[in-house]
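Below you'll find the structures, each written out as structure tokens.
Next come two complexes built around chain A: one with chain B, the other with chain C.
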Partner chain A sequence: MSVDDTILDADVGIVGAGPGGMAAANVLAQAGLSVVVLDEGMRAGGQIYRQLPEGLVNHGKIAEPPSHDGGHALLERFAAAKVTLVSHATVWDAAPGKLWFEHGERSRLLRCRHIVLAPGGYDRCVPFPGWTLPGVVTAGALQVMVRGFGVVPGRRALVAGSGPLLLPTVTALLGAGVEVVAALEASSRWRALRAAPAVLGNALKRREAMWYARQLWKAGVKLRWGWTVFACEGDGRVQRAIIGKVDADGRPRRGTELKLDVDVVGAGFGLVPSVELALRLGCTSRFDAARGGHCVVVDEQQRTSVPGVFAAGEICGIGGAEVAAAEGQLVAEAVIALAKGSTVSAEAQRRAQKERKAADTMLRAFAPLPGLAELARPDTIVCRCEDVTRLGAQQAAQLHGDSLRAIKVGCRAGMGPCQARICGPSLQAMATGDGRRAMDLPVVQVPVKPVRTETMLDAPT
Partner chain B sequence: MSGRIAGLDDATRGPRELIEFTFAGEKVTAWAGDSIAMALWAGGTTAVRSSSKNGSPRGVLCNMGICYECLVVVDGRTVRSCTTPVRAGMVVEPGGRP
Partner chain C sequence: MTETADIVVIGGGIVGCAVTWHLAQLLGPSARIVVCDRGPIAGATSASCMGHLMVTPDNAQEYAFTKKSLALWAELHEKVGGFDYNPTGALYLADTDEDLALIPVLRQQFADHGDRADVLDRHQLAQLEPGLADDIPGALFYPGDGVVLPMLAAGAMLRAARLCNASVAVRPMCAVTGVVRDGSRVVAVDTERGRISTNRVVNSCGVWAPDLAELFGAELCGAARLPIHPRAGNLAITGHHVSPIRTQLLEISYLRFAHGAAKIDPTGNGGDPGGHAVNMQPQTNGGCLIGSTRQFRGFDKTLNRELLHRSLLRARRYAPGIAAAPIVRTWVGLRPYSTDGHPLIGPWPTIDGLWIAAGHEGLGISLAPITGRLLAQQIVGETLDVDVTPYLPGRFVA
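Let's turn to the complex of A and B:
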């Protein structure tokens, strides 16, 4: 079998080369199973352990938190493992035992006895006036710029949002020599204190928290609790940001606004699990607001409701790299158990449970704040693909019903190429004014990600 | 001002290869390994297309292939500029839709 074959065969097909996918691949390969990993990125690592392009070396220029030691170890093992990695692979459809993907402008198929889904997650966006201006990006986008490409995002940056990922965004910017004008966490300090048990009870998280505190202190950056970005302004690109205080529910407190001159803004309000492929496969999911939205349900061995389909990491609920790596190890043992009749180690199960429990405690303190939906004004664009405003979505909800599907039919919101990945998490909250309601299941259609028409027409079977 | 983080070169390989391509008819210098979006961003270009609905300028949002906001046209094909690597001589035009 060559990587360039139109049809690839393997014992196990893994989607995603982040910590979960890499950890699983390393263990599976060691057990002698053939493994193909499909990943959309340019190199292995996923978003959290994103590597610079070939030929660039960090040289310690961009400071890395203590947890990244684990990432380097995973990457080294993965590079040495007998695993076939297909980068630049966009998986657009799946059935038990089959993963269809586009790679090198060609339609390809991976046939595998077992599927392990570890596609990670993506930034949760909250629409606010001016968020479509060039220069306003997600928090994750800024990390990719700095740690993935060695690009300096701008001169003066604002970082706003919620959750633990704001901190690596700030330190990445500092590493790139960017002045971080403000770092805003929407949760109050008191709410965030609920994360304390998770930090205090975990040696790595303790070290991590101390490391970030020291980095911010050295740079003179103060994290402002209970603040967020209200709006961005500029002529053709972002030039100013208006920030202000929010109440305990995240509702903007008008009258507290301050104006800042900035040339780049990173906004990230937590992460959303990437469940689309799993839903396409028919896996059972459940809504868990603190874990980021719809999550794939797995049993104590990372098995989904569909035989032969396993899941690890963010897809089972946002939890971070340590959860993903632990679940990746466990998922590999579960696949090996099925393939070879062995048993899953108690140690792997215990570790995955421990990491997941700590992550859940942490994330409950940063669960999405429903009041942030009020940042959008009636004329603020909510769905960027179709340029649907908040008012447009509201009118559609009144006319057609307030499910995501009805709003989509009524005003095209969510019908564009992002397939509601960007607007979906906030669309319903904004259209109905009820941010606490569990959001509808996303409508998953083939292709799960846009690919060329020829790719679908030429799909091998 | 955007740009490049200095001092990331791998001493064992020498300086990185420079690549030229065009965007909207203008010459752009990139490094091998750049995505189209990052080459443009490092050179100060953040808007890569206009919305076909309201005409407003748009650029990178997620930088990881999720949002389809940074679409450009390369050789007649619409691609995501954040996941498409630069090639020497590439002719890149601003994207239209979504």
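Let's turn to the complex of A and C:
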């Protein structure tokens, strides 16, 4: 079998080369199983351990937090492991034992006895006036620019949002030589204190917190709690940001506004699990607001409800890189147990449980704030694919019904290329006035991600 | 306190919304009209179908119906708007000798009604639609057809209704759970949100119309079950700004299998292999909607990959540029097929106060406005715009 064959065969097919997928691949390969990893990125690492394109050297000085030592170790082991990585691969359909993917302009198929889903998550977007201006991007997109391509996105940046991922966004910008004018965490300091047990009880997270505190202090960046971005303004691109205080539910407190001159804004309101492939495979899911939305349900060995399909990391609920790596190790042991009749180590189970528990504690403190939905004005675009405003979505809800599905048919929101990945959570929050209420489960149809018509036509069977 | 209504429209798809629009127009501002749907408004067939506004010339009745309906569509677009409406016409394409023979036939059918469709040579075809393959053996262009986005159009119809009567009540997510009768007379319907006293009810539930009819008491219906069956279609849509075409395309072979009574067991138990004739509809956002397949297989909404595949191949044959266009979604919609191939528009003869507007199969979008108008005219007792005799539901009562 050559890596370029139209049809690939392997014992295990892994979707995603982030910490979960890499950890799983490393262990599986060591056990002698053949492994193919399909990943959308240019190189292994996923979002968190994103690497520059091969041959590019980053001349900036992006300081790395202590947790990235683990990432480097994973990457090194992965590079040395007997694993086939197919980068630039978009998996667009799946059935037990089969993963169809587009690679370049070719339609290809991976046949495998076991599937491990570790596709990660994507940015949760909160619409506010001006969020569609050039220069206003998600925290994840800033990471791609700075860490993935060595691009310096601007000179004066505002970082706003909620959750632990704000900090690496700030340090990435600082490393690229960007002045971070303000860093705003929408959660209040008191609410954030609920994360304290997770940090204090975990040596790595303690060091991590100290490290970030020091980085921000050195650069003179003060983290403001209970603040967020209200609006962005500018002529053709962002030139100013209006920031202000929010109440405990995230509702903007009008009258507290300040103006900042900035030319780049990174907005990161947490992540949403990427569950489409799992739903397509028929895996059971459940809604968990604190974990980011619909999550795939797994048992104590990361097995989904579909035989032969396993899941690890953010897809089971947002939890971060350490959870993903621990669950990746565990999922690999579970697959090996199935393939070879061995047993899963208590150590792997214990570690995954411990990391997940700490992450849950942390994330409860940064669970999505429903009041942030009020940042959008009636004329603010909420669905960027179909240019639907908040008012348009509300009118659709009034006439067509109070559900995500009804809003979609009433104004087309969520029917574009992103298939509601970007607007779904905020549409739901606006329709129901509560982002914590369970969202309609998305109906996943092929292709799970957009692919060329020809890719569907030429799909190997 | 029980709510009262002059009329309750059950089923808020495109047909129910059209009925509501015309009832509001004819009954005036004081009438109490309620429209209920168990799901979102326009959330079932109307959200999963194509948007072809089609003039069908094969017989005088359908020609008059479709032509009149398309005029009402134009009026809705002009007076209310707020939905995608694209009068692109329709290009009927022929690929085989069998197809080619249909071109003069179709042209003559239009001519028989004093209407006009033009046979295009290769040069004219390339000018009209540069996105087409350059070896298409034959083409007929009919300028009177169009494309709409049905789910938004349904909302426009409800807004049109409210312009005539601001009190029209729209109740999505409100299923009807029962019917109260006094002998053969309807006196009330029970919904998830309580009872509504009324002596007039419209069943516009599309493929689910037989289920609702059963609530009225099948023993009075004369038929075991309303003869409407789901006929599935598999569809695909591309992303924005990638459509290789700007005119609606229709394989002329469509005429051979799409309309009229099917020769297959419509209950879905007969192992219908299904058929296809590609229809490509450019969208306002620059996307392209691709259908259409037909298959009886009950209410199963899983994608038939094989049928969709065959229609995508046909799409690529006619518009090669589709090959590189990204597909963002595929899905299945259910057409309400009636066993004689014609819709049911009128009173159910054995139950006082029960009216039906359903069973349009693939012409539901085209015919919704005229259906709404003719049903409303029958209910109010006005002179009908078009003779509706062939479509009276009583034909199914023994």
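Here, the second predicted complex is superposed on the first by the 456 of 461 C-alpha atoms of A that agree within 3 Å, B and C clash if a C-alpha of one lies under 4 Å from a C-alpha of the other, contacts with A are read in each partner's own complex, and residues count from 1 in each chain.
We take it that contacts are C-beta pairs under 8 Å (C-beta built on N, C-alpha and C of every residue); 3 or more make two chains touch, one makes a residue touch a chain.
This one's a predicted model, so the numbers in the text were calculated from it and none came from an experiment.
Touch criterion met: A:P417 reaches chain B and chain C at once.
Once the two complexes are laid over each other on the shared chain, residue contacts for A:P450 go to chain B and to chain C alike. Contacts of A:D39 after superposition on the shared chain: neither chain B nor chain C is touched. Look at A:A176: by the touch rule set out above, it reaches chain B but stays clear of chain C. Of the two partner chains placed around the shared chain by superposition, chain B and chain C are both touched by A:C385. Touch criterion met: A:R155 reaches chain B, while chain C stays clear of it. In the superposition on chain A, A:E322 contacts neither chain B nor chain C.
When both complexes are overlaid on chain A, the residue A:H400 reaches chain C alone and has no touch with chain B.
The partner of chain A that touches more of its residues, comparing chain B with chain C, is B. Residues 385-386, 416-417, 450, 452 of chain A lie in contact with chain B in one complex and with chain C in the other.
For chain A in complex with chain C, the residues that touch the partner chain are 105, 385-386, 396, 399-403, 405-406, 408-412, 415-417, 419, 445-447, 450-454, 456-457. Residue ranges on chain A touching chain B, taken from their complex, read 40-42, 47, 52-59, 61-62, 88, 90, 122-123, 125, 132-138, 140-142, 144-146, 149-155, 175-177, 236-237, 263-264, 381, 384-387, 416-418, 421-422, 450, 452. Contact residues of chain C toward chain A in the complex are 37, 39-43, 46-47, 149, 151-152, 155, 158-159, 170, 172-173, 236, 238-240, 285, 303, 309, 312-313, 315-316, 322-331.
If you check the complex, the residues on chain B that touch chain A are 1-5, 7-11, 13, 16-17, 31-35, 38, 41-42, 46-48, 51, 53-54, 56-69, 71, 77, 82-83, 85, 97-98.
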